[in-house]
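Two complexes, one shared chain (chain A), two partners (chain B, chain C).
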Partner chain A sequence: MESRSKRWTKSLIIVWTGVIVLFFFVPIAGVIISSFGKSRYFRFPVRSWSTKWYDQTLNANLTENLHITSFYVAGCVALIAVVLGFFGALAFARYDWKGRIFYQRLIMLPIFFPQAVLGLALLLWFTYVGVLPSWEAAVFAHLVWIIPIVTLVISIQVYGFDVSQEEAAFDLGANRLQVFREVTLPALAPGLFSGALFAFLLSWGNFPLSTYTSGADSTVTEWLYTKMSSGYTPMIPTIGALSVYGSIAILFIGYLLLIARRRRNEKRA
Partner chain B sequence: MTTTSGVSRPPELRQPNVLRHFGQWLRNPGFISASPTLIFFLIGFVGPLIIVLGFSFVPERTFGFHGDWTVENYVHIISESYWISFAWSFGLAAATVVCCLLIAYPVSYGLARIFGRWAAPVMLVLVIPLFVSENVRLFGWYLVLLKGGGILAGSTKFLFGLDTGTLLYSPGTILMGMVYVYLPYTLFPTTLGLSLVPRDQMDAASDLGANRWQIFREVELPIAMPGILIGSLLTFVLAIGAISEAKLLGGANIVVIAHSILHEFTYAQNWPLGSAISMFAIVITGILVILVMRRLDLDRLLGRK
Partner chain C sequence: MAEGTPILRIEHVTKQFGKLAAVNDVSLDIVDGEFFTIVGPSGSGKTTLLRMLAGLDKPTTGDVLLRGNRVNDVPANKRPTCMVFQSLALFNHRTVGQNIEFSLKMRGVSRSERRERCKELMKVVRLPEDYYAKGVTKCSGGERQRVALARALASDPDIMFFDEPLSAIDYQLRKHLEVELKDLHRETGKTFIYITHSLEEAMVMSDRIGIMQAGNLIQIGTPDEIYTQPLNKFVSEFMGEVNTLPVVIGADGKFDCAELSAQFIGPAQSNRATSGYLVIRPESMRFLNEPSQADNHVSGSLFNEYAMGSRVQYHVRAGNQMLVVEKLREQAFQGNLNDDVLIGWDVKDSVLVND
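== the complex of A and B ==
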């Protein structure tokens, strides 16, 4: 009787999870379906399919510019966030120091902050110190929000790091730099990698911070928002769909790399 | 050098000692590794907030600090209808948190206890939407719910020959959009919290005759609480700042607070008023964040043994 009710709960939870997965992917499927429609305005069921909007979109200069801007921003954000987040994570999780608990809470604050308000606060700040809105300013804005997240992600790896490995290396006569390069860095590499992945993708998809700070350099998400709330063009679903493919590809490649690394390490051990 | 020197030392000699301690503290590896992020935090977070605070006290339609201060922006907010935007934003955010918790809890439970080795792939599938821009996904909902030719209306018409209206432009749809966008932020911390509950402890409770509800209330919930709290807080705060949902799915019917702020900074060109509205949002979310943060042990939550 007990086990039967447990089995019931189990299947209910599995079904419910399936429903949520569907719920998550309904709009994404909607964008992809409409990107292959032939007519200028979306109508469902789609009568005739075509890839002509893809041809048009891929040949447009605009598409290239938008993606290059987004790519530069996300790339710079990932790079800087991982370097700063690495040291942040050491302070967060590795060293026992007075003020660590305070530091942990302080550094989290930008995550728990309405992003639209953060974006405009940064815009005022930039104006005040005389920085013009541009994609570089957007990088800075993204970093304010993304560094704490990356610090958290790397911290999880640091918590699992066995400090005695470092001490053993010191005992064997390695200097500080060698220990860092040969012991600490390889052990934390998966964390740094996931941190970079998170930073890149969150920056790539961010809208509220970019819209205030990027000025004339429009990113993909900004362009989509502007076009959606004013004139519709058939390029909206296409560019949207392209960015979906991009995110999924990056995420899967990252996931496979992590798994391959884990396999290799297991074999070596 | 004697054991009593610490007690009998006159105060003027103690001061260098304090300074030296401070100097040592500054040089410990923890503080050194923390300093890059701390400096960034000061320049990128504290500085901007001070400027917003400053701007909220200057006269209307000025773009700098010229020495005259006023509280009229705050009076303006209270006397005019901005509180309606606040009510919408806070109401929608609170409703979003409740819906997200109810929806996410069973899934988190499954991820933490039932799916076993399938948990990682399921998690990956659930993470994907998080990395597709919010605007793209909301646009997807727009296509689904579109009047006449949308996927929902189109399907009902095609399958059953029914002409349905549209669900767009109503508060319910905005709420659906917000739940959709912010669900992962509830889901993952809740899963983290639930995975901290030791299975033995639940089995023990069950062996001692506790029923499912008692286990839930006495064992599961207290241990999982930090994760649930972080998830709810994150969802609430992000929902307060939400702007695209109301704009894309709600048309012009409902003006949320983030939209009022954007409006003051762009079309109205009234930075001081926009800053004052922002300060309201900042103070209210700030109080919530501090209240919740005080109860959390981040070390335990993130897995220090």
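== the complex of A and C ==
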């Protein structure tokens, strides 16, 4: 019967979605719950509750420095990757030129290269040309891996952009700069934004490239790894949980800004 | 302006892409205020020609003159012309109002003045006033057409170009917009240069029509001239269903049609052609009771009939040719399929064209 099979499909979809959501969020929820535990060890179920690890984590200058380093690295990576990825995407998706097919294949290669090997190779190369491992070197290492991804993300937006919009603007009296500012940039903005977001998050969470190239400037992921492999402290789930709170806060602020902008546009119109 | 000076003159314009001449030595004068349509199949070079007139492409050789001034090197944003694109090229991230006001904003017109002008234009193209703040992506196909029209009109161009803007619109709405466009041409008094692959569309709207084939502008004329005196077989068949009979002209001046094993009386030839195609429009074909009722006749059998609203079309099989006869509905032919029929036409309704 039609309606019965439909109901079946519907309930299957609900169950399936529920399972996937659980699969995604149970580990994160686990970390958050354990960050409120009193004991010195990561264990389930939590027997007694406390916020003392939050006090310790927030008071330790150590993590502040880690976060600042990670933020610098991810911020620089996002900025540079979007600028280079934008031009790369124009070459990738918009203009027809002789070596385009070759370029489209070539630019994908770094993504498939194992990151740990890539990190080591970059370290050897840095040493050879005399660059000391530092957060700046880590930015460079991240870029090697992240720019191809950002280029692809922005390319999708470029593919969907009707070039005749630029010609129309030009025909309507705009000069080249005005065409770019009024038409091209706003039309591609969603792609640039997601490119930047991807770049920031991939850099923020990167461990294999940072560990080889950042030298004395430790990032959050490096510190977490070191602490987990030797000298576990309950600050680890706490820092993990704090990252989640931070992300939620940033998402929320972004959402508010979006609503504010929409309101302002409606009022102006 | 001196009488007779065309607003736009195209002199021996050629556009070469590699070895291919997309536009080949085209010369044409456009009169101020006329509605000129360039018709041709895809790949005939009509869009390339239009882009050169708009300043989006440069001719390889030849000149484009605007009111007597050579404008080959004047880019699109400095020309007093505006184009409505095939894709419409609306700014999708903007509202209807922002789209229409774009050229005014680029010119530095104040916001209040822009808005006032926009409201006027929206009235001209019949867009509801409350569409001002609507996103263009939320508009229907017909509404988007109107936005594109208003946006082009806002820059107050001397010449408006149209690159098949109606090609993606369904039949009903297209017919409606064709009429509106012709009315808009009358109201604004601007020069319209329109391109399309539909001669039917061109016939409805244009003062003059130019036919393009493989980069060449092969015939220019009023809709009536194109209709009654097509230059060649290509033009005659481009206009829709016509009867084209291959003929050889004998020494006695008779037209021999081997395919129908028949002899016809054809129009008088000034250029002494020895062969060609005899073109007879379906509405000039008549059903006959006896051969003497027309100058020429062919016998065949009624293959099928098609009701087309106010008209009825009949296909008559004669030899291995399918001949088309068209009648008004109230004068419909009374007969059954597979009936033997006699059809014919008068000499004055036939044209001899070459290949």
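Everything below uses one rule, namely that the second predicted complex is superposed on the first by the 227 of 269 C-alpha atoms of A that agree within 3 Å, B and C clash if a C-alpha of one lies under 4 Å from a C-alpha of the other, contacts with A are read in each partner's own complex, and residues count from 1 in each chain.
Keep in mind that, in the parts below, contacts are C-beta pairs under 8 Å (C-beta built on N, C-alpha and C of every residue); 3 or more make two chains touch, one makes a residue touch a chain.
On a predicted model such as this, the values are computed, not experimentally measured, just so you know.
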Subject >> Simultaneous placement of chain C and chain B on chain A, clash or fit >> reply: fit
**OP:** Determine, for the superposed model, which of the two partners chain B and chain C contacts more residues of chain A.
**Re:** B
**OP:** Go through the superposed model and pick first if A:Gln178 touches only chain B, second if only chain C, both, or neither.
**Re:** second
**OP:** Report for A:Phe170: first if it touches chain B alone, second if chain C alone, otherwise both or neither.
**Re:** second
**OP:** Tell me which partner A:Lys98 touches in the superposition: chain B (first), chain C (second), both or neither.
**Re:** first
Original post:
With the two structures laid over each other on chain A, which partner does A:Pro186 touch: chain B (first), chain C (second), both, or neither?
Top reply: second
**OP:** Compute the least Cα distance separating chain B from chain C in the superposition and give it as a whole number of Å.
**Re:** 10
Original post:
Which residues would you name on chain A as touching chain B in one complex and chain C in the other?
Top reply: none
Original post:
Which bits of chain C are touching chain A when the two form their complex?
Top reply: 54-56, 75-77, 81-83, 85-87, 89-95, 97, 102-103, 106-107, 132-133, 151-152, 154-155
**OP:** State the interface residues of chain A toward chain C in the complex, per the touch definition above.
**Re:** 162, 164-165, 167-175, 178, 182-183, 186-187, 189, 266, 269
**OP:** Would you pull the chain B residues touching chain A in the complex into a rising list?
**Re:** 25, 28-31, 33-38, 40-41, 44-45, 47-49, 51-52, 55, 63, 103, 106-107, 109-111, 114-115, 122, 124-144, 146, 148-151, 153-155, 158, 180, 183, 233-234, 237-238, 240-241, 243-244, 247-248, 258, 261-262, 265, 271, 274-275, 278, 281-282, 285, 289, 293, 298-299, 302-305
Subject >> Touching residues on chain A, where the partner in the complex is chain B >> reply: 10, 12-14, 16-17, 20-21, 23-31, 33-34, 41-45, 84-85, 87-88, 90-100, 103-118, 120-125, 127-128, 140-141, 143-144, 147-148, 151-152, 155-156, 159-160, 201-202, 204-208, 212, 220-221, 224-225, 228-229, 236-237, 240, 243-244, 247-248, 250-251, 255
